[in-house]
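If you scroll down you'll find the structure; I have some questions about it.
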Amino acid sequence: MSKSRLEAFSDGVFAIAITLLVLDVKLPPLADAALGRAMVALLPRVGVYVITFAIVGVYWVAHHTFLGYFERVDRTALWLNNLVLLLVAFLPFPTSVLGAHPLAPAAVLLYASALAGVNIAGTALWAYGAAGGRLVSSRMSPLFARRVVALHGTPAAVYLLGGMLGHLAPVASIVVFVAVPTFFIVPHPLIARVTGVPWRDGSPQA
Amino acid sequence: MSKSRLEAFSDGVFAIAITLLVLDVKLPPLADAALGRAMVALLPRVGVYVITFAIVGVYWVAHHTFLGYFERVDRTALWLNNLVLLLVAFLPFPTSVLGAHPLAPAAVLLYASALAGVNIAGTALWAYGAAGGRLVSSRMSPLFARRVVALHGTPAAVYLLGGMLGHLAPVASIVVFVAVPTFFIVPHPLIARVTGVPWRDGSPQA
Amino acid sequence: MSKSRLEAFSDGVFAIAITLLVLDVKLPPLADAALGRAMVALLPRVGVYVITFAIVGVYWVAHHTFLGYFERVDRTALWLNNLVLLLVAFLPFPTSVLGAHPLAPAAVLLYASALAGVNIAGTALWAYGAAGGRLVSSRMSPLFARRVVALHGTPAAVYLLGGMLGHLAPVASIVVFVAVPTFFIVPHPLIARVTGVPWRDGSPQA
Amino acid sequence: MSKSRLEAFSDGVFAIAITLLVLDVKLPPLADAALGRAMVALLPRVGVYVITFAIVGVYWVAHHTFLGYFERVDRTALWLNNLVLLLVAFLPFPTSVLGAHPLAPAAVLLYASALAGVNIAGTALWAYGAAGGRLVSSRMSPLFARRVVALHGTPAAVYLLGGMLGHLAPVASIVVFVAVPTFFIVPHPLIARVTGVPWRDGSPQA
C-alpha cells in the first residue's frame, strides 16, 4: 500500500463523510405558510452541521499534515488509519443526534466521545509512525514528535471534558465544540510555535 | 497542503454534493395506477435538480478556472476554500426546500442566499489570492484580477436580488435562477471579453 | 480544464451514482419472523439494482473508451460532459421507481427514457468531438467516428423501443433492459468488428 | 482501461460504500429523556457498522494487494472487477438488515452470502488474471498463485458456514463475522507464511 493511495482513499472518506452531514438537515412535509418557522427550528441542526464540518476540516488538514512527515506506511499504520476513517465516517451519527437534541447531556457526551475518538486514533497513528523514526525520517527530533502528539492529542481531552460539562451546562459544551476548531482554524501563535519547532535538532525548517 | 490535493478534495466534495441532489427526487409508496400523476407532481423537484446541478457545474468550472491561476496555496486560502466547500455541500438542503415549495418566498430566499453564499466565498478566495499577487503570478494585471472579482461576484448580487423578488413574484426568482447559469454555460461575448483581458499587461494570452 | 481532471470528476460522479443505487434497497421495520417474506418481496428492487449497476458500468467503460480518443477538451465538450453527468446522477430516481413498480408502463417508460438520455448525450459528446477531428486526432477516419456513433447511439433507440413496449408487455421491456448491457459486457464479435475498424485509414490498430 | 484508472474507480466505490454504512445508524424522533435508552438500543447497529467497515477494509487492502501483482487488465478482468464492485456497493443493504435483526437466521444468512459473494468474485478476478500468467508476470510461481486463491477464497466458505450456523446459534455466526476480519487485520504468522511464499520459484521476494 503506497502512502499516496492511502491518502487518496482517506481523502475520499473525509470528503464523503463531510458531504453526507447535510442529509440530516431537512424539513418534514409542510405547508408553505409554515416554512419560515420550520426553518428557524432547523437552526440547531444547521449550527451542528457547520461545527462538524469545521472539525472534520481540521482533522483533514491535520491528517494531511502529519502524513506529510511519513516516508512510508506499514500494515499497522494502514489499520490505524482505517480506524481513523471508521471514526470519521461515523461522525454523521453523533452529529445528527446532537442536531436533534442540542442540549441533552447524552447527545453532548456522545458527540464529544466521537470527536475524542478520532483525535485519539489519529494521535496513535502519529505516535506509532514517529516513535523511534519508525515511518518518518530518523532525523526527526523526539521533541518535535512529542509536541505533535500534544497538539493532536490535547483536543481529545478537551472534547471529553466538554462532553462531561453537558450534565451541568450543555451550552458550555457547545462553546467547547466551537472553540476547539476555531483554535486550529484561526492563525494562532501557539500553533506556529509548535510547528515552528525544528523537527530535527539543528535544522530550523520542517 | 499542495494545490493539487486541495483541488482533488474539492472535486470530491463537488461531485458528491451534485450527486446527492437526486436523493430528494423520490416518490412515496403508491399504486401503479397513480404513478403518472405522481411523476408529474415531481416535476418541480426535477426542475430544481436540473437548475442546481447546472449551477454547481458552473461553480465547479469557475473554481477550477481561478485555482488554475494560483501558483501556491496558504493556510488562509485553504480555509477560505473549506468555506466554499461547506457552502457547496450545504446546497442539497435549500434545493430540497425549493423543490418542495417552488413558489414560497421563504424557500426562494433561502435558495438565493445559499447560492450567493457560495459565490461570495469563492470571490473572497480569489480576491485573497490575487491581491498583490499573493498566491498568483506577480505579473498578473490588477485589471484582470478585478474583472474576475466582478465576473465571479456579480452573480451573488443577482441571486440575492432574485431571492428578494420572491416576495413579489416567485416565478421571476426562478427565471433568475435559470438565467444566471445559462449566462455562464452558453458561449457569450462578455465572458470572452473578460477572460480575454490580458492577465499581464502586455501579454494578450491568459 | 484538462482532460484528466474532467475524467477524474466524471469517474467520481459515476462511482457515487452507482453506489447510491443501493439506498433504495431497504426493509421497513418488521418482526424477525416476517424477514424471509419481506426479503423475497425486495427481489424486484435487487434485480433493478443489478441491471442499473451493469448499465452504468457499461456507460462508464464507454465514456472512458471514447474520451481516450480525445486529445483535448473545450468548453462545449465540458458542458456536454456535464449533461452526461446530470443524466447519470439522475438514474437513482428512475431506478427507484422501476424497483417499486416493475411492471407499470409509466415506470418502464421513465426508466427507458432516462437510459436513452444518457446515451444520446454521450453520443452528442462523441459526435461533437469527433466531427472533422475537432477534439480527436485529425487522422481518425470518418468511418470509425460514424461507427462509434452508431455503436453508442443505437442503444438509445433500443431503450426507447423497449420503454414503449411497456404498454403491451412490461416483461418484454425488462428483457430489453437486461439484453442491452449483456450485449456490451459479454465478448461479442460485432463489438470487436466495430472497434476493430481502423480509426485511421491504413492503420489497423486503434 | 488502464490499471490505475480501474484502481481509482474501485477505491471510489469502496470509500463511498464504507461511508454510506453509517446512514443506517440513526434515531427516530424522540424526547431528550428517552435518548440514553434509545442509544443503547442502537448498539447492535453500531456493532454491525464496525464489523462491516472492518470487513470492507480488509477487502480493500486485499483488492489493492492482488491488483498490485497485475501488470495489465483486459475486458474480462474489468467486468470481474465491476462484479466485485457491484457486490461491495450492495453491502449496506445486508448490513442494515443484520443491524435491525442481529439474531434472525435469515438476516445472518443474507449477510454471510453477501460477504461470501464479494470474496468469490474477488477470487475469480485473481484466478483469471493469475492463470498461466495471463495478466501478471509470467514468472509468478503457480504455487504462489494458488496460495493467494486459498487465502482469498477460504473466507467465502467460512462466511457461508457461519451463515448457516445462524439457524442453530446466531451468536456463533456473529463470532465468525468478527473472527474473519480480525484474522486478516491482526498480524498473523499464517498470512506472513502465505505472502512470504516466493511468487517465483527461486526468488524469495514478492
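Every chain is named by a letter (A, B, C and D) in the order it is written, and numbering of its residues begins at 1.
The definition used in the following text is that a contact is a pair of C-beta atoms (placed from the backbone, for glycine too) under 8 Å apart; a residue touches a chain by one contact, two chains touch by 3 or more.
Just so it is clear, the structure is predicted and the values come from calculations on it, not from any experiment.
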| item | value |
| --- | --- |
| Turning angle required so that chain C lies on chain D, C-alpha fit (0 to 180°, nearest 5) | 90 |
| Far-end chain from chain A, centres as C-alpha averages | C |
| Classification of the chain A:chain D interface as same or different, half of numbers criterion | different |
| Inter-centroid spacing, chain C versus chain B (mean Cα positions, whole Å) | 27 |
| For chain C, residues contacting two or more additional chains | 8, 12, 16, 20, 23 |
| Topology of the chain contact graph, where touching chains are joined (line, ring, star, complete, other) | ring |
| Listing of all chain pairs that touch each other, if any do | A-B, A-D, B-C, C-D |
| Interfacial residue positions of chain B with respect to chain A in the complex | 1, 5, 8-9, 12-13, 16-17, 20, 23, 75-76, 78-79, 82, 85-86, 89-93, 96-97, 100-101, 103-104, 106-107, 110 |
| Chain C to chain D touching residues, read off their complex | 7-8, 11-12, 14-16, 18-23, 25-27, 29, 32, 35-36, 39, 49-50, 53-54, 57, 60-61, 64-65, 185, 187 |
